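Below, each structure is written out as structure tokens.
Both of the next two complexes hold chain A, though its partner changes from chain B to chain C.
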Partner chain A sequence: MLEQTHRQARLRFNAPGVLRQTLPYAVALGIAFALAGIFIHLMGYDVLRAYQTILFTSFRSANSFVQTILKFIPVTLLALAFTVPFAAGKYNIGGEGQMIVGATGATVIGILLRDEPAILVLPLALVTGVLFGAIWGLIPAWLLLKFRIHEILTTTLFNFISYSIIDYIATEIWRDPVAGHPTTIPIGDSAWLPLVVRNPPLHSGIVLALLIAAAVWVYMTRTTGGYEMVATGANPEASKIFGIKTSRMFMLSLVIGGALAGLAGAVEVEGYQHRLIVGLQSNFLQLGLITGLIAKGNNFAVPFVAFFIAMLEVGASAMQRTMQIPVEFVFIVEALVLLCVLLSDVVRRREWIRSSVR
Partner chain B sequence: MAEIVQTSADVLQMQGVYKSFGARYALNNASFNLEAREIHGLLGGNGAGKTTLMNILYGLYREDKGTIKLHGKQVEINSPKDAIARGIGMVHQHFLQVENYTVLENITLGLPGNNRFSADYRDETRVISSLIERFGLQVDLHARIEDLPMGTRQKVEILKALYRGVGILILDEPSTNLTPQEVDGLFKSLREMVNEGMSIVFITHKLQEVLDVCDRITVLRHGCHVLTLRRGEATEEAFIRAMVGEEMKIQESVLFADHARRSPVVASGQPPRLYVDSVDYKDAHGVEVLRNLTLDVHAGEILGIAGVAGNGQRELAEIIMQVYPPSSGKIYLDGRDITGMEANRLLSLGVSYIPEDRLHDGFLPKASVAHNLILGWHHQEPYSKRGFIDWAKVSREAVELIDRYNIVTNGPSEVGANLSGGNIQRVIIARGMGHLSTLLVAHNPTRGLDIPSMDAFYSLLLAKKEVRVGILLISENLDELILMCDRIAALYRGEIMGVIERSRFEKYEIGRMMSGVRTDT
Partner chain C sequence: MDPFLGQVISFARLVMESMVPFVLAAQGTMLAGRTGLFNVAQEGMMLVGASLGFLVAYQTGSQLTGILVAAGVGGGFALLLAYLTTTLKMNQFVIGIALFFSGVGISTLLPKLAIGVTLMQPLIPTLVDIPLPLVSRIPVLGPVMFSQNAMVYFSILISILLWWFLYKTKIGRDLRAVGENPMAADTMGINVTLVRYAATIAGGLLIGLAGVYLPLVYTGTFTEGMVRGRGFIAIALTFFGGWSPIPIFYGSLFFAAVEVLAYRLQVGASHIPYQFLQILPYIATILVMMFSFYKSPVPRFLGENYDREKRSQT
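For the complex of A and B:
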């Protein structure tokens, strides 16, 4: 009897679920921008104009929209490279290194097979990039399972190994003597990703990224493999007792993570740079982590958050150009958004405890 | 609600006590009084508020509202230290002891003494020895805590309180980890203390214990005081009614009504459902946890495993469930060797498992209720086909299970962590009972359930027995085993001390086996 009424009471309480889910995000966003606004104001800039620049630059011209998409692709893939292992309870901080070796893999194929037809080289370069990234996820997974070395440590350290690899290739093996910056010679155009929009140029990596994001979401929420990964992340002991091979899931999650970041690297080379440039990883790892964390590991939310972040990035460069506000400022905004989203979680948990029946 | 008549003879009066955790009232106008020189039973189902009320008295929680009077004077108790200073001691279900200290050191720990630099314990030893003598609490003062069984550790905890000179002693479910013999010993000691002028509060959900030892009995339900009576003033039935309220039909219950129980028909030539053949198990540290253990469970039979916690029960269950392999020996299911089989294949043969440690071994707090309900069956039809989970089907099924097992939740998609302990246990039971066809291994399945849910679980168990499921019921609750089982085997330090048939069930006999005395069967 008593429990019956409780249940009804809670059902009613939870009816506007969507609003309850998105409202904290909106509030967090508002607070973050308000806080950052105070800083901008204190530094003596025009807050309103700064925010207009940050938020609307992406939509002002076709060119800046394409710029946003070009950021969106690696941010999405690197965010997924974090959220997939995250679902299994593993922390992949090696997206950067996996991206670099992925880019390296694509470059190797793109240069060595530069005279072969595109139908062979293009997919092979992509697959090699994915494979290299996967290996860069597999080794930390193996070290974790074999020697219990924490994956945060190994994936981070593997980033540093990849810096040396890219340095070596770009300065020793295929150095482009004309370029002022450590860069390899260009890959053959048979390895270039075809364009989907000619002017301003937008390569088909966007299609790939969206398809992959959808596939990851379907895999994690609809398949038994995804179920087992989520269960492993939720409670490895219980999962093991109930027949899930948790070690395999840990390994698989890190390998998928590595493969996704590797793909990001390959797409960056084949679609955008067309050569291996030292520093191509940019700050995509951090942006991916921020995206994955703001999305709270929800793969459906990842592309949306990634687009938002890409927008901020493009807006930030514009802000620097037109208002001389340092681009790093957007980092502060992004960090504030993340902090506020995390804080809104704490607030909500408190509220839940207060309103919980049992 | 009956009013309590409070007299000047009371050493303690608690009145109109409210306490809420979040929106839930743990105590809702509870009252309690304690006379001098009495053992007072505080009775009620899980979640009735017994422990909360006493934790307030002991200063662990602060009441939202209400008054506490000690010897007629209103007091405020802010911490256990306060409580001890006022002569109130409490022995919890889980002891806080320093495992690698001796008994003596544990008892005197934290008290000022002039032996800080000399470690001269002569005075203390004298005092404590006299306490041991007076109350019959035999303990070796120089033994290390980690080497002692639970029953002895409990004596240490009681001595700790006595040494601090308490006049009111609260015991929270003190019989949980004891053999019947140890329970008797405890009751005798309690009686001695009362004779010397102490008052004792005895928290329990077991009616029989209360009727055995208590002078007066208070029943709480839903945080409310229901009644207080002297032993003998009311029938057993009246107390049961007070505990469970009107929600439960006692005549139909397994717990309280006497049912004629059919013993299972063992078909000749049929292999047992489960046959554990001379299993040994050494853990990672090389400790022998199970020794030459052989047992069988037939179709339609409930075999009970009795034993004090920590005698190898958990390892036995996990080895049967193929969580890890035995060091030697074999396990057969319907005559088929399943040793070393993958856990998911075992589950698909119709074996179910209700693990003891529900949070650690059985539940996915970060996943949804629906996720939890199909754990272990997620790769089978109808829940999934060709690698894809049919969430519509799972959701429908989950709604049905939520309803049938009275799980209080917003629905299948609610996050598991939002559920209360009792509801988590219901989810695990729903999962274990919903998919079952051959064998059920259940380890302390009713821990944390209230009385109606416990009773419902027992009926389900009997129904499964009817359809010839073999059931291995591992439980620390001997009453539960005696109520439900066809045979009981007692486990002591990883060995079976003997197996007793239902017709020869006798509490003390089983208790002897639980403490390591072999019985020929």
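For the complex of A and C:
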């Protein structure tokens, strides 16, 4: 018995195992691109050129590669903001709102303490952003535990509340009168994230995002806390019987999710925009959800999928510029990839049932 | 007429008019939920209904065609939801979330494909009010209740009809049984899969209608994200109304009143920053949920797929 589990554990790391893990993804990708290609062809565009643009733009110049990384950072963090609560069986759809309040927190510090030294302001702004995001995750968690309100509802409603908050700050409190779009005045440069590459400029948020992604993976797979969280998601009743404080796990998972999205907002302000712009969250919530779901909640896979999604996004905007194909087209591709990945699970489950019956 | 009374009448009229998307989306959610299928894709489905319905109405010049197509696309999304969850046994929330953001994405893509980016917003005529003969002349009640657009009447009728269907007919009782205890329903010879499909698709039609109401009555055009959380408020509403048609109808009136009040204050009280008033409906929703969620009688198998071959069901 023990021998057998050992063998299984070893099997999981050998080549056929890896193949079995990645093959469904490859097939799903192929099918999705073929379907989307038919669609693009029917709309009267050149499919081959469209796909070349989508897939290779990110690697054509240093500049577009940095653009891809700049998208990769918030997509990764927002995907983790979904997958961590997802592991505990909770659905955080509030990444957008948590990102906005995180960005707001960083901006408040960046503007109020603009004359203080960077060694104080930089970490303080980041921490404030994380804290704001965490609070935006804590309230839905509290409403869930105390009043049993489903977290899908509260997290989304808090998105809409945060739209008004960012709008208020950018139009009433620190409005930049010369900007045409609702925008605050810039934060002091003591709150700017230092650059890791000077030309084209790439800020150190990438280091932060990679470290956080690794830390999340280690926490969820290699620590007791993470194990308890995953167990809670897999079977809350059984976990409770085994002495795991499941309600604490629910709350913790949503707070961590909020903190991660808050960090995404703070990094976006301190690294990239250097001011609070209404709409800075753009469609990162959707991209984060797509990434998290394509990765099937696997935190190890999240950064890889996030890079793929960021690549598609950068390719799609190039496609819009050169071929006049609306940038939202790439969304069809992403949705199809997700659908195929989800369906591959069904196929595998059926095969598993068939083989176990035999 | 007394100016105060005039104010009250115009307020009540607006509430009746704004209630429609809430009523339709919430009744649609309720219908599927009563069979145990918890739809959380309303926001996306409403956006696609609004977007496609508007485009069809614009291109064909026929409001009715737009309305029907919007209902159809809502039904199509619901069919996909039912297939992936009921037949393929995928997680209802995962699929719901995926359909939600797919809807958001498709709703912004469609106008760009069909019309492209234009300087002038293309407009369609909005729905006209149809005063009903005789009853519309009753003072106060007439202008509030009986001289509204057709979809206001429809949403009142559908609420009553759903109540009658769920509580007074055998099919309605079967439908409720599926959400309360699918195993028992299955042994009683009720086709659980069929009931779930039918209720979810019928609900999807209503949600699509709820979406197209926005361009047809409020704006005359489609704007990105114009549903503004109404889809999620509709879910809150079904809990608030205990998954029952008549309380859901009253709840919709309440949420519509909050929405109209917030809008009125934005126009009238200019010293309050409008951002504070914009969040009123969401705050109201959360407050209401705090007091109603606990007691809400929820279908027992809400959110659970039914697998005949599994022996123990939670």
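By our rule, the second predicted complex is superposed on the first by the 341 of 358 C-alpha atoms of A that agree within 3 Å, B and C clash if a C-alpha of one lies under 4 Å from a C-alpha of the other, contacts with A are read in each partner's own complex, and residues count from 1 in each chain.
Assume a residue touches a chain if its C-beta (ideal position, glycine included) is under 8 Å from a C-beta of that chain, and two chains touch if they have at least 3 such contacts.
Keep in mind that this is a model prediction, so the values were computed, not measured.
Residue contacts after overlaying the shared chain place A:I277 against neither chain B nor chain C. By the touch criterion defined above, A:I294 lies against neither chain B nor chain C after alignment on the C-alpha atoms of chain A. Using the contact criterion defined above for the overlaid structures, shared-chain residue A:L153 touches chain C, although it does not reach chain B.
Once the two complexes are laid over each other on the shared chain, residue contacts for A:A238 go to chain B alone; chain C is not touched.
Contacts of A:I212 after superposition: neither chain B nor chain C is touched.
In the complex of the two chains, the chain C residues touching chain A come out as 40, 43, 84, 88-90, 93-95, 97-98, 100-102, 104-106, 108-109, 112-113, 228-229, 232-233, 235-236, 239, 273, 275-276, 278-279, 282-283, 285-286, 289-290, 293-294. Residues 1-3, 6-7, 10-11, 14, 222-225, 227-228, 230-231, 233-235, 237-244, 352-358 of chain A are the ones that touch chain B when the two sit in their complex. Looking at the complex, you find that chain B touches chain A at residues 22-24, 222, 247, 318, 321, 323, 342-347, 353, 355, 360-367, 371, 375-376, 378-379, 384, 387-389, 391, 406, 408-411, 416, 418-420, 422-423. If you check the complex, the residues on chain A that touch chain C are 43, 91, 93, 143, 147-150, 152-154, 156-161, 163-165, 167-168, 171-172, 283, 285-286, 289-290, 293, 326, 328-329, 331-332, 335, 338-339, 342-343, 345-346.
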